[in-house]
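Common to both upcoming complexes is chain A, partnered first by chain B, then by chain C.
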Partner chain A sequence: GGLCLHQENEAKSEGRAELIPSIKLRHCCLLRNQRCVTAYLYDRLLRIRALRWEYGSVLPANVRFHMCAEELQWFSQYKKSLASFMRSLGGDEGLDITQDMKPPKSLYIEVRCLKDHGEFEIDDGTVILLKKNSQHFLPRWKCELLIRQGVLEHVVS
Partner chain B sequence: MDTQSYFPVPPGVGMEENFLSLDDILLSHERLPIRTECTFPRLGFLEKSSDTQDIPEGTKMELPLWLTKGLYERKRKVVSVELPKVYREGWRTVFSADPNVVDLHKMGPYYYGLGSQMLHFDSPENPEIAQTLLQTFIARFRRTMDSSQNAYNEDTSALVERLDCLEKALFRSGQSGLNGFQSWEKGQASQLTASSLVLNYRKRKITDVQP
Partner chain C sequence: MFIADIRKDFYEVVANQRVVLLVAPDIDALCACKILQALFHCDQIQYTLVPVTGWQDLGTAFLEHKEQFRYFVLINCGANVDLLEMLQPDDDSIFFICDTHRPVDVVNVYNDTQIKLLIKQDDDLGVPSYDDIFRDEDEEGEDSGNESDEGSEPSGKRRRFDEGAVERRIERQRAKREWEARRREILFDYEQYEYHGTSAAMMFFELAWVLTKDTKDMLWWAIIGLTDQWVHDKITNMKYVTDIATMQRHVSRHSHRNEDEENSLSIDCMRISFEYDLRLTLYQHWSLYESICNSCYTSCSFKLWTLNGQKKLQEFLADMGLPLKQVRQKFNSMDMSIKENLRDVIEESSNKYGMKDIRIQTFGVHFGFKNRFLASDMVHATAALLESAEKDDSETDTFIKALDALSRSNIDRLHSGIELAKKKLIAIQQTVASCICTNLILSQGPFLYCYLMEGTPDVKLFSKPMALTLLCKYLLKAFVLSTRNKRCKLLPLVMAAPKDVEKGTVIVVGIPPESETSDKKNFFGRAFEKAAESTSSRTLHDHFDTSTNNAENRFLDGKLFLKFPERERCE
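So, the complex of A and B:
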């Protein structure tokens, strides 16, 4: 790139053109490091993006702990972009495309609780206590997120 | 991460690498035998077999592909690249006889990837190398595809151990399709599951990382 050319020109003007192969080699090494770092950071972003779809819009503390400030900011922007996109679909109400990732077979599903999660309110006002190993028959759309987060387990007979 | 939402940058096709592909970065780490065609002043420390300050012209050494590509120039003699054995005439004849018996993992593991990259170095044997790569792939592909579609729920290590990286990726892809279909047949396709991301990240707690 620009820096290498600058050094090469310097070498030529000072009559030290024989240094140019070594300058080029060093430059290749710099480019290599740059490529590795960039690819690593980009792969992290791809995984962070996947978390929005796989986990939800609020990341668990242990994941946030491993993200740098710029990544947290990126996630927040991505969330906003996705939300405004979803609002623009399906007429006035918008459409939550992060729901129903697998074709739904029924409105209600049987779930088993894998860990204590406290009280859980469903649409008609009923409060359910999600205690470990308890089983419930609940509306699918309320459970999807908790299943993906590993709190509930979908029981299929 | 074996989830539906993580799409890593795939490796490049043919002679092109993808800059951001982790697979291509690993591929370009492979070492090639080269001969220096000019002096490299003050870099003698890179060449461990001799104690000189400079790397003299005519030195034979091994450089990773990324450095070789960076230094190589068609018009100027900076480095000349020797063909690794597996792409030379002797092995090419073996491949044309029966490509299916060769252990491409041992010969590679990036047989096709590295072979394609070798074409950058203007060897007079390039047309033959390219031809061999293509014919070998075509001859072996059928077996790879068939076995990936027929090995369900069993230990596939014997099937994949002689495949190069590209073939392994194709095999995995075939298996993934097969498993998806079987799962659909069993009615499991509509079962909601926990994100494997979550399960993996759970295994590492904050307390493990703190000093």
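So, the complex of A and C:
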């Protein structure tokens, strides 16, 4: 290799056919690199989409740190898209399909607090103090997010 | 006040409310907690569970939750102190107390509004009557009113009336002093001994039964709670046997199934059975030999810390025709032919060696092919987990681990508990042997005293109250059998071990003298208080058991001041 574009064109048009295989090889390499990069970016996209399902609509700072501006923009558009889809389901109120990802066995679950998390408000305004090693019996939907974040642990008896 | 109908006055009251469960660190409390949690899960009663290891924890937990919760359920804590005085709650906080500690504080008994006791009233309570301890103060006002009336009379008559009024006043004051003296005496008699009532786990099981929501798991937990009281010597033999009979009725009810060839239950189902089994701790999970060596009953009967005792053990085994090789193997690997009649064979030989009570009434559970446990196995395993001395584990961490071990889905945790229990038992026996052989038990006048120094092997294990208490009891039994001093055999024992080396604190327990017919009443609560006063050292009466105390090292210098209130002298 090492030929510049001009020389390559000259080689082609002037019949220096012995350069063609090198040209073809280089071109294939470039195309392959392009495919790799595209695959990588697409994989990132799929993971960012999965983040919406795992973390909810607000991403933690340490995750946002690893995303570029375009990706953040894509994420917020995906969020909007998902939100308008969810609103269109289930009549007036919409349906939050990011909850209960696995079929729930019960309305209330027992959770154990793995680290001190302070106060936590539940539906009717009551505040529960989440202290390490305390256990609580709470409505499932309130706990899901904290379980995913690793603050609470579902205790199965 | 005592609750009359546990369903109406407790369960239905909390049914639509949020509750805080404050649970003490003993196995009976853990079992009671599991039963109550299962009931709450059934009826979707939201709760928060907070383990509390002592009075300070209890106070802190109360302060943290009092804004948000109105109903508090206390398990195995709170009955033996004036709870309202200690916690200073708002008027709308309600406390449901299910506690085995006795005597129940009189204020708790007679409070009508905020304290609800989940305790059976036929439980040998002996509560003084209301009039003997509480007195209405408005009797004082009467005569001063009369006196001012009489002031308007002519002076001649006035003197006579005044004399009459003065006499009446003197008489009243005398009566009041007498009443107060009697009151002091009554309260003193009532509060001098600490003892334990019916298991909390059994109380909650009864609640489950009344609601017809009782399951085999709950029954098993109730049995473990009762067995905990027996293992840790909290109830008399008679009470244990009576309560076993109660549980046996429930077991029969749950096991009543027409099982035959076609309709047999799956092997994985849980079966609870009554067992008249050997008093050899953990023997089915150990080797028979090790169990005999490390169970208090056999170890003390043979006096295994002496050479003679070891020889007697060998004779005993030979007498039963059990080859040493078999007996040292894991129990499950012993020959079937030996295991078949083992209990009867051992009972027969034990009688010859003076061990009349080698068998004890208890229950066993089995589910699946491999999982067989006796109630006492469960107690020892969970107690070992609860008090394990791992560096990283806080007391609430161990509480959670022990609580988990009670669920049938956590067999691994239970097995690790069994291993820890074995180590603990071996440590206890070795410490007992070394204390006896090196004469570490000193006679200090009215009591025996033993101090485990820093650097004693396994001393960290004994910085925990249940382990130290168990050691104390085994040690006293062993001592009584090995001493020739008749007077010493009747003395109580006080033991101390270092608790926190950096802070210079020790843990002290006291147990009453060893006797066949012990009523399990402990007078050390009062004695420790008095001793602390005399040495002006700080003691943290933090434990819910008044016979266990944390104190500064200085307290031990004051042990000579341990005087027991006069009344005990007539033992």
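FYI, the second predicted complex is superposed on the first by the 142 of 157 C-alpha atoms of A that agree within 3 Å, B and C clash if a C-alpha of one lies under 4 Å from a C-alpha of the other, contacts with A are read in each partner's own complex, and residues count from 1 in each chain.
In this section, a residue touches a chain if its C-beta (ideal position, glycine included) is under 8 Å from a C-beta of that chain, and two chains touch if they have at least 3 such contacts.
Since this is a predicted model, take the numbers as computed values, not measurements.
Using the contact criterion defined above for the overlaid structures, shared-chain residue A:Cys68 touches neither chain B nor chain C, since it reaches no partner. Judged by the touch definition given at the top, the superposed model places A:Val156 against both chain B and chain C.
Looking at the shared chain after the overlay, A:Lys102 reaches chain B, while chain C stays out of its contact range.
Legend: residue contacts after superposition of the two complexes on their common chain; A:Arg32 is shown touching chain B, with no touch to chain C. In the superposed pair of complexes, A:Thr126 makes contact with chain C only, with no contact to chain B.
Of the two partner chains placed by superposition, A:Leu89 touches none, neither chain B nor chain C. Of the two partner chains, chain C is the only one touched by A:Arg112; chain B is not.
Note on chain A: of its two partners chain C and chain B, the one contacting more of its residues is B.
Contacts of A:Glu18 after superposition on the shared chain: chain B is touched, whereas chain C is not. Legend: residue contacts after superposition of the two complexes on their common chain; A:Glu54 is shown touching chain B, with no touch to chain C. Once both structures are placed on chain A, chain A residues 156 are touched by chain B and, in the other complex, by chain C.
Residues of chain C that touch chain A in their complex: 18, 37-38, 40-41, 44-51, 64-65, 67-68, 394, 396-397, 399-400, 404, 407, 409.
On the chain A side of its complex with chain B, the touching residues are 18-19, 21-22, 24-25, 27-29, 31-32, 35-36, 38-39, 42-43, 46-47, 49-55, 60-63, 65-66, 101-105, 109, 143-144, 147-150, 153-154, 156. Taken in their complex, chain A has these residues touching chain C: 106-108, 110, 112, 126-129, 131-139, 155-157. The part of chain B that touches chain A in the complex is made up of residues 1, 3-9, 19-22, 25, 38-43, 66-67, 70-71, 78, 187-199, 201-202, 204-206, 209.
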